[in-house]
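Sharing a structure, written as structure tokens. Questions coming.
For clarity, chains are labelled A, B, C, D, E and F in written order, and residue numbers in each chain start from 1.
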């Protein structure tokens, strides 16, 4: 492959343009035409665009595609980029695996994943520090610490969603830490405002609930080359029930954990989406679950709005487009 | 207490009538007037009516009420029956515990509970026979058998609901057996109709799902003297999640149980109420869960309608009243 | 037309492919361009795909198209197949009517219609047998028999819907027979369960209701070359009201038919879709109408789910796509 | 019965007051106490209040009540009036049938029914005049005239509803005439505004639709001593379907009636309540049905609002109470 | 530019056709490709179609486009017309500004705007005449007259909506006058029907409300070359609140205006869309606001239906397509 | 009036009890019986209960009631307390105005109003301090300061609602300060999280929005002796629109205020209830309005939940009753 033409990010290619790109093979699906001939539908992507290539069985790429191309592998390709009603397409002209030398041309595997802007280790450490300082119920603290430490790698890596909000590597931890911080604020605040409630608000539970409300995502989602996707149990059971399972599994190893505390913690997870039509089979029936619901909801919705406003505006644009998870145009400002 | 007056069932007393009745003490709640004096609010009932008596602390019953009356105990009372806006009330004139001799006057403890019209032992045996014959997946059969046998007593005794349908002793088993029979019919039928689905419908799962769909009721409800009531975890977690827990606990003891089979069984329980607003966080995504949902729904709704039509009609009544769980007048027939 | 190239089913053609196909002319619509020139938009189809050809007035096909092509006619065509944002398209290269000799090349008119997998005559006979055995109310039996026999041909041929479920030739009868069988099961079952309701459940009515619940489809839909379509009265009045009309017309010829029986039968038809937003102006107010509603609903929904699972899966596919009438991905099974 | 005390309208009696009243016997229901003794629940009413009397079988009125009191009969009673949680009650002290001489004390049977403020004959004549002048389609005119004349007595007498709006004798005709007048206005108006629609708006149909939109009320409701009540077919079928039946019956006698005209007229009746949840299985799909819907809706809603404002205001009341069919307080005006 | 080829309206061009057209430049948006090169997305339109042209920075039109093309300017272009999944497209072959001589070839600026079929001056005069005759409350009349006269030009020019109904130049006035006429009819009618309401219906307010109900559109919408568009305050505040502002501004200059009259007028504007989900924060609580709501709603909905029926039908079409603001196929008539 | 019996708070009286109480006269409504005799319906209350007394015109209190009793006046009464289906009732035995000497028996006017637990002056000062420190946009600060200072007395006194939450004297300020504090937290937090949004989040606007979101309550509600009640404009216009009016009035006096800043502030008020069915005609379209919505919503809902948990529990009560504004039983804790 000649290296004269400069390397173009796949996501910068214009329709009709021939380009050399570094890409990751996101998916390789074998299928058959109606007359029985096998072919592959292959997706290549970089961090910002995914394009499809059809590898028919009478083309020169078919054998290699079948035998050696791997989802998750990095490749250098030369292609013609097109867009049609099914979205971005590429005609593959050349392809080879990436080599160490490609680093000289700017290849960096980290470029191929959208990730949190924050440092996962720092976030994880802060989360542990919050647990240590603010969960004063010792068995509950033990549960949270055990759960966090056993799942540290996945917690640092996971997304918070397939789409909608924090749908990127590390997004789970970014969202969880932000929710937990708001939980801290709200717990301190309302504990002071209503000292007479019987029983008093449990700050330990609000903080533990903030940390664990979405823990079922670790089983609902799985990382795949093409991004995060739902697991079968994610679709058939859902992260709310799966998260409660995880908490109960860790709870069973801590004898001192109070039955009511566990019940309240389970309820926080069950109720954190507030309404049946939003996914919670039971609405918040405790002050702790109410606070965790709000801390979560505001962080998710604010992320959606901020993400819309981070996109560079079109000239003269007073509102963003509506194609964001809020299904709403966000106001940018007057132009006149 | 004179025994001249005949014994009147509490549920037959007319407002203003003085009556001698056998009753069970359903509830005894201690409270305080606003100026700090203690009193008890006591409920007496038979199978068809519950009435309240107020035991003020300056009355002759207060000391006995405090020290010896027991919820669940049987008493013979003389009272004046009244109805006001808070419902049935009684002024207590005399009271003593029931003695063996009261059997001569017709006292029978079994009269105080509404129960299923069917024999619990026969129903339970039939359920086991169905399991034996129709669940061909051996580990799944083991799970169902273990679960049924370990919980036999509670399964035979429990109600299916606090109100709405099958809300009586043995109602759980009556409903479960009826649902399971319909499941058998539907599984046989649709397996034959659609032999080409991939994978084929699992009759074992439909039957197991019919038997276990409401198993969480065993933890959601508890028997109390005044009838069945929600437990705290029943309110905060709900029978769908609690039922899945029970299934998973039993499954963990059966190594041979296939992971997908367990997942499908869990999904049946999760999805059996069909829609979020009816209580299911996830809708049916498998043929087995669709069939169990319908078998359950039709049995519950038919019970509501039949119960309305079993009440003796008012003269000239073409429709039943609307105060049934369907919130609808059921047609009895033309009167002209 | 040369017969060297093999015959390709239209539904197997790949975009860009030139193919010889047997097709039925589904629709021929005359229109005008904005500058007033006439043209035809013609649809050709086989059982699995419909494609559009534009016949401009300056092309060689225009005169024949105008004068002799008939909707419903069978043709052999040579074409180039394409797909664009308006769906499948064909450029017509050659066309002639099918001749008897084409049978040698595999032409069979029956291939062009999706039909029920069951034998219409056998289904119809079974339906009559059920009527004979299970409708014990003689005038009601007469009504059903008259209605079935008078409309036998259309009953055997009709679809149950334009889309959604049983939307194919014979689908009406397939659905009706299946619903009626479930009605039989449910009527026997609940008659035995609740012998005390006043009045008792009428098995005759449940069976008659199962058979006739959708009878208005005979006026709501009409068979057209391109499949089944709504009639004007189907859109403006709807099959529920049209079905009740048919029943009332037949009832008017049977003097002995009890007024209440007729009213109950009408109500079954009116209420069989259960809720206003699903099409029923009045919800089920009788046990018979409740059973027919469920027998119908489960058959329709199960058909949707089974149809999704009958499609051959993509490799590695754990769930079907969402583009089915349930708007839901159906679980196929774990792939790992 | 002494005639010293002045006659008090039942609806003016204060709780605790002993009063002599002329009343109509609205209903007499036989029932049994739980210990099997028969009694009657009897309702007496005047135009503005209905009160219940219990006639126990050991009281002096029981025999007369059983043998001779008639629903619809007029009586002079002496009673003590009370109100409890079940509404107005009376203790019956004396009772006799009204005699001719009671006219001297002010008895007038017409006082016992709320009726339209307009003259039924004049309204009926106006309706016929409108038909004659504005329905230019001759067969359609014939249909409407036949239908009106055949049902003249019931049309003049019926209410438009059991409650909600125009729920009084003659209310049907009052409402129908008002709707028809608005239909005339709207048909003239929009025919002039949009002369280009294809086909043009049919004024004949709008007028006929206005007159006949609620004609099914004649079968849905029946006059009873206690007011208008639903018939069984009213509840099980509903006035929309029953009204279409009437129209079709009359149409079958008019050979010249165009099939499309009849279809459009049926559609107006079917669609006049606009949405499924308001009772129309199909929404307006023609301009004529849209206009009739609005003419009907505004007349019903305005009647509700005007009726609320016709009640004499409480002192200082800026808004009416909310207990009207609009479930809304209507603004009377500022008081300061 | 050669003038041999005849001028084709842009909206008559067929895909693939080369055409000479008079057009207005609707929008000119500057953007950048991902590699940073500027380009313009330009929209040209006539009254019935809008098409996009891409002006890349290496093409001969770029400099002129940047420096001199003006949104709102008229141009004569030669282009190749295409349609793809993003809608109508043009390849620009030649372009120049329209000159006076183009009138000889049929150019008329008025052709480029859809406008009301009625004469704005006549409509405006009629509106003033209605005010003069029917608003008898002098300060209220003053308010309406001042407001109309100050905003005469914009009132005559504005559309009533961006889409949905009366979405064309002069549509605002056409709709307002029509609503006001219906208000007159309804006010006269119901004032006569219910003379006893307390207070009586205010015809002055109904008429003023009809005229001013949508007055906030003058601030919600603005005229742009490509049609009417929402202003930022239109999106963030909405025409209901903006209309009330205008009324209050004019009211503040009229000392004699009664506080209650102003409050009632504000309420009419606030409530005219009836339900929260239709845009009104508060439902009609006065008879005047109820009438204005209906007069408005029927005019909007009838316009939608009439507009669908004004489109020329396809051959054999019994119903219009569903792509109108009612989302419903309108019945044209039977074809057989 | 003898002073032997101890003074009982009205809210502590038991049904049937004779009691001496200090009360405030909450309302005095003149009405007429149906036979034309005047009477008064008078409400007396303390901070926790309101009871009704009927003053008939033939009783000894009628003349005094008519001529001298004043809503808002304090009285000492001797009464018999009863409860019936219309709620608490009193038979008045004696009554006189409160005198200075009654202070010796514990009379304190402040006891008759539920008020905030916080010091209004301190809260008001804190609010001004927040404005001073955190609203950095000078004209916006000026607007807020002017508005607060001009309305200081009413701001300190008003309730936040008639019922639901913070429905007591000073509740408005308590709620506003709490919301503003949360706004500060959220603004600081999300400004730091998303520094790249264009435009950046305006902390000045979030704080100003928090302070002013409910400012329309000052016109929607008015203080009356019986508590806070809706004004006519409160019902017909609503606090959202009234609040925006107040802001615009103050804005008109500050020339330097940026048009966009004002528009954003108005939008915060309009959108703060988030959804049409919750009262906001337009949903949040800016980050500032999103944050204010959540800060408000959580404070209202938490107040409801905390208030339920502040009520003293019944013995053995695991959940509070459902009769709170959340319509939900709140979990207190396990009892076993």
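By our rule, a residue touches a chain if its C-beta (ideal position, glycine included) is under 8 Å from a C-beta of that chain, and two chains touch if they have at least 3 such contacts.
A quick map from chain label to UniProt name: A, B, C, D, E, F = 3'-5' exoribonuclease YhaM.
Here the structure is a predicted model, which is why all the values come from computation and not from measurement.
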For subunit D and subunit E, chains touching each: C, F
Rotation in the CA alignment of subunit C with subunit D, degrees, nearest 5: 180
Distance between the centres, which are taken as Cα means, of subunit F and subunit B, whole angstrom: 43
Inter-centroid spacing, subunit F versus subunit C (mean Cα positions, whole Å): 62
Multi-partner residues of subunit C (at least 2 other chains): 85, 232, 235-236, 263-264, 267, 285-286, 319, 329, 331, 334
Chain-chain contacts as defined at top: A-B, A-C, A-E, A-F, B-C, B-D, B-F, C-D, C-E, D-E, D-F, E-F
In the complex, subunit C residues that touch subunit D: 232-233, 235-238, 240-241, 244-245, 248, 263-264, 266-267, 270, 276-277, 279-282, 285-286
Subunit B-facing residues of subunit C, complex: 178, 181-182, 185-186, 189-190, 193-194, 196-199, 259-260, 263-264, 267, 283, 285-287, 290-291, 294, 297-298, 301-302, 305-306, 309-310, 312-313, 319, 328-334
Touch list for subunit B against partner subunit D, complex: 8-9, 11-14, 84-85, 314-316, 318-319, 329, 331, 334
Complex contacts: residues of subunit B adjacent to subunit F: 29-31, 33-35, 85, 232, 235-236
